[in-house]
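Several structures are given next for inspection.
One chain, chain A, links the two complexes that follow: it is found with chain B in the first and with chain C in the second.
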Partner chain A sequence: MFEYFRNLDRRWIFLLMLLSVAVPIYVIGKTKETFPETALPLATNVFNEIEALQPGEKVLLAFDYDPGSEGELGPMATAFTYHCSSRGLKLYFMALWPLGRQMIDDNIAKVIEPDFPDMVYGEDYVNLGFKAGNEGVIKVIVTDIKQFYTTDARGTNIEQIPMMEGIKSIQQMDLMLNVSAGYPGTKEWVQYAVTPYPKEIKLVGGCTGVQAPLLYPYIPQQLPGLLAAIKGASEYESLVIKAYPPAEGKEAKYMEAQRRMGPQLVAHVLMVLLIVAGNIIFFIERKRGARA
Partner chain B sequence: MNRETLLWVIVLLIGAALLAGRAMFAENGMGKAYITPVEKTYVGLDADVAEAAEAEAETKTVWVSIDELPEDFDVDAVADDDVVSWDTYETKDYAAYIAAQNAGTNDVVFSLSHTIGIWIAALLTLFVLSFLIKDNPLYKVAESMFIGISAAYWMVVGFWDTIVPNLFAKLAPGPTTAWALPGIRDEAQFELIYIVPLIFSILLLMRLAPKAGWLSRWPMAFFIGTFCGFRLISFLHGDFLAQIRNTIVSLYAKTPQFAADGTAMLNEAGAPIMDFTFWGSVQNLILVIGVLACLVYFFFSFEHKGVVGGTARLGIWFLMVTFGAAFAYTVMGRIALLAIRIEFLFDDWLWLIDPTGRRAVEAVGMIVLAPLGMA
Partner chain C sequence: MKRTIPLLLASIAGFIMIVAYFSPHTESWGEEVAVWFNILAAVAFILGGGNLLKIHLRKVSDRNSGWMYSVITVVSFLVMLFLGLWKFGVNPNPQFPDYGHWAGEYNDSTSPFYWLYEYTFKPLQATIFAMLAFYVASAAFRAFRAKNFEALLLLATAFVVLLGRTAAGVFLTDFIPADGPFAALRLEEMTQYLMNIFNTAGNRAIMIGIALGTASVSLKILLGVDRSYIGSGDD
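Take a look at the complex of A and B:
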């Protein structure tokens, strides 16, 4: 028995992990039940920063992610869009990742067009699209947005877009929301936008789990709130849905992260059990080695 | 045929049989996509832009969506050259398709191309996951496709989002406006300074010429120098100095007091009333001790013995906790990525689950559909 577990084919572990994720997804998909969620301070801070804005105030949403991290970041991007739209804010979308533009389009098609049909493109929201240049773009648009953005993502001249009238730089934004999958992302926004202009630019955001430990040092002075991975998204979702209940039949669209916490729970329990089992085998082996 | 190959063949055959069975005999089928065609019509109207331009009056054509024109506007009266129409396609759910069928309309139709897209995405997902069993040709196919498509995509995006607007539009605004970017026509001006990046770009391409390859070192040196300058300042300002400041925290932490209704309590001077917080103080204490202990661990001018050694060992503990947190977050991220792929397979492809109610149709009035969903 000991020898069997000591030499266990790793593919059994993969199979267990697959089942631990697939079974909860199936069960939650069938029952439509999710685990209760309690928001922690970091997610609450993000929520409160948006709540503090008045209708009509300007928010820059930088969606710096792509399909590779959509599973982790998509729910928080959807929740950001829904929350800001519900608050009646002016939304300025942009992306520093090439596929970020598609992520913006997806969110507009998923949230704004079906659920906020009164919002008018160019007056209530605008997609500025992707710009190459990584932190170079940030460095420029903190002082002169039109040096980089002459047209929006649809090719319309910036001068012809009503909500761009009078916008000279992103310092005029009342809040910045960043969804970050890596480089360039939240770290670069903190370094090149928030740090040089701490009074003018306020940033909160969401990031992948891999990035979260690297961004914690910026909290709270440089980054008042952060949604760390799918857990942060789930907490934030619960706050948004509670404050702004979606129309009947549309709740599930805004509960993606909460649905994905089920597989997280089971997979984490499996991970803990595997770590414990691995350590038991290690200590038994060491004990046997010492006897020999 | 060896035992492992035989097992693979059996697994693939069973999988294919299950898929075929589900596609043909399940009540609603699986992996189908539906769309609704939307006609977009724009009408070209003359607009006087004399006020906008400093020069003498001129007339230009403004394209207006037919949806924005008055209801009594007669499109037929406009010359054919000034009316442009095309079809776009909006993705629709199965429920919308059934509703349209029940209403006797063809507003929502089956989309073969979108359906093929779902199946390709599903099969490529399985191909990539098959690597967990063993490296195999199916995985190689998916990997090669990914690399090729990514490289091509980056090239196209780089050309249209960087070279065209940032170089061509600056050096040749007129032709670029006419050819690619009509949106920039009002303020596009020739900018001589962009000759420099053009020359640098050409020099960089000299890497491809064996005898002139050394010329590419100049722009490379410029890029590296500029980038280092950018990064150095940002790290000094945003990380080094800011982190020192963030570490200088009070060990006697105070927090604002809130009334029962959630509003901050203010004193007579209008300032928030602050009160001692035990756990906030503990948090700050751990922060300061952790930073100091980790700094001592990386301080090698003294041998790590005695007090220095003990503090360094404490620093290792803090580092281990940090690595553990980073590892746990990574696990959470990877599980989330696996979850979205499985959710895609179960929901969009196999139609086993329907968490968002996209295929929720009324049982009464449902029509019998052909296996591929084409009425």
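Take a look at the complex of A and C:
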């Protein structure tokens, strides 16, 4: 028995992981039930920063992620878009990742077009698209956005877009929201936008789980709020849905993070059990070795 | 000349960026350098594409191990490039009707470029990322051992954070009153404490170290002491 577990075929572990994710997805899909969520201070801060803005104020949304991290970051990007649209803010979308532009298009198609049909492109929201250059882009647009953005993502001249009128740099934004999957991302926005202009630029964001520990040193001065991975997104989502309940039948797409907490819970418990099991085997082995 | 000019360019650009940061009068110089940097970054995409073709075509021609994967890479690259640049199936832009599909959006939902992105690239990339969960689970079983005190500390921290980041954390320690004297022992509170105090302190120390190292290396590069970034000069 001991030998069997010691040399356990890793395909059994793969199967357990598959079941630990698939079963909760199925159950949550069937029952529509999610775990109750309590928002912790960092998610509450993100929510409060957006709530503090008045309708018509300007928000820059930088979606720096791609399909690889969409599972983790997509729900928070959707929640940001929904929250800002519900507040009647002016949304300026941009991306430092090549595929970020598609992530922006997805969110516009998912949130703004079906649920906020009164919002007009160019007047209430604009997609500035992707620009190559990583932190180099940030360094320029903090002082002169038109050096880089001569057109929006659709090829329309920036001078012909009503909501770009009078915008010289991103210092004129009332808040910046960043969804970050790595480099370039929140760290670069902190270093090249917030740090040189701490009074003018205010940043909150969301990031992947592996990135979160690296961003904690910037909290709270340079980064007042942070959604750390799907858990942070779930907390934030619960606050947004409570304040702005979606129309009937549209709740599911605004509860993606909360729905994903089920598979996350079972997968994390499985990980803990696997570590415990691995250590029991290790100690038995060591004891036998010592005896021999 | 081949080495001196790049050295000079790097040095001048670097010093301009430093001066621009400290003086508002020279701020526009820094912007100019940053714009040049971004033009170079865009050109790097072409260089990257060329390099990808060079490496993989050589692998195919030499019939190195795994050359079939190189064929797939090259074909995928060329197909996406071709469909994206030629804008096949893109609807014309109503603003510029005279230019036909050329003025349309390259990723229009009617184009094969969009289909390939939406139904091939996107699911494949998400799948590769999702597969990490399986390998991490396997590694957790085989490698995460409490071999010594430090490893034990790491294990305990991992358990607290793993459970604290889920609803299990709340359920398991829900019996501890949230406003009582032992509230700090609730798993979600312990997770916060670990992240805010220990993690922040450790990361700040590392960041300060990295920043000092970066400043020192940057200065060596700007002064031309460290020339390793322009290669050996042999080729």
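Worth pointing out:
Definition applied: the second predicted complex is superposed on the first by the 292 of 292 C-alpha atoms of A that agree within 3 Å, B and C clash if a C-alpha of one lies under 4 Å from a C-alpha of the other, contacts with A are read in each partner's own complex, and residues count from 1 in each chain.
In this text, a contact is a pair of C-beta atoms (placed from the backbone, for glycine too) under 8 Å apart; a residue touches a chain by one contact, two chains touch by 3 or more.
Since we're looking at a predicted model, the values are computed, not measured.
Once the two complexes are overlaid on the shared chain, A:Asp144 sits against chain C while remaining clear of chain B.
With both structures placed on the common chain, the touch criterion links A:Asn48 to neither chain B nor chain C. By the touch criterion stated above, A:Ile275 is placed in contact with chain C alone, chain B being left untouched.
Of the two partner chains placed by the overlay, only chain C lies in contact with A:Thr38; chain B stays clear of it. Looking at the shared chain after the overlay, A:Val210 reaches chain B, while chain C stays out of its contact range. In the superposition on chain A, contact of A:Gln171 is made with neither chain B nor chain C.
Once chain A of one complex is fitted onto chain A of the other, the partner contacts of A:Phe14 extend to both chain B and chain C. Shared-chain residue A:Glu70: touches chain B and chain C both. When the two complexes are overlaid on their common chain A, residue A:Gln102 makes contact with chain C while staying clear of chain B. Chain A residues in contact with chain B (one complex) as well as with chain C (other complex) are 14, 17-18, 21, 68-71, 131-133, 136, 139, 154-156, 196, 209, 212-213, 217, 228-229, 231, 264, 267-268, 271. The residues of chain C lying in touch with chain A in their complex are 21, 27, 30-31, 34-35, 37-38, 41-42, 44-45, 93, 95, 103, 105, 107, 117, 121-123, 125-126, 128-130, 133-134, 136-138, 140-147, 155, 158-159, 162-163, 165-168, 170, 188, 192, 195-196, 199-200, 203-204, 207. Within the complex formed with chain B, the chain A residues making contact are 11, 14, 17-18, 21-22, 25-26, 28-30, 32, 68-72, 74, 98, 129-133, 135-136, 139, 150-152, 154-157, 159, 190-192, 194-196, 208-210, 212-213, 217-218, 221-222, 228-231, 249, 252-253, 259-260, 263-264, 267-268, 271. Contact residues on chain B toward chain A in their complex (touch as defined above): 132-133, 153-154, 157-158, 161-162, 165-166, 169, 181-188, 230, 234-235, 237-239, 242-243, 245-246, 322, 325-326, 328-343, 346-347, 352-357.
Remark: chain A residues 8, 10, 13-14, 16-18, 21, 35-38, 40-41, 66-71, 101-102, 105, 131-134, 136-137, 139-140, 143-144, 147-148, 153-156, 196, 209, 212-214, 216-217, 219, 228-229, 231, 261, 264-265, 267-272, 274-275, 277-279, 282 touch chain C in the complex.
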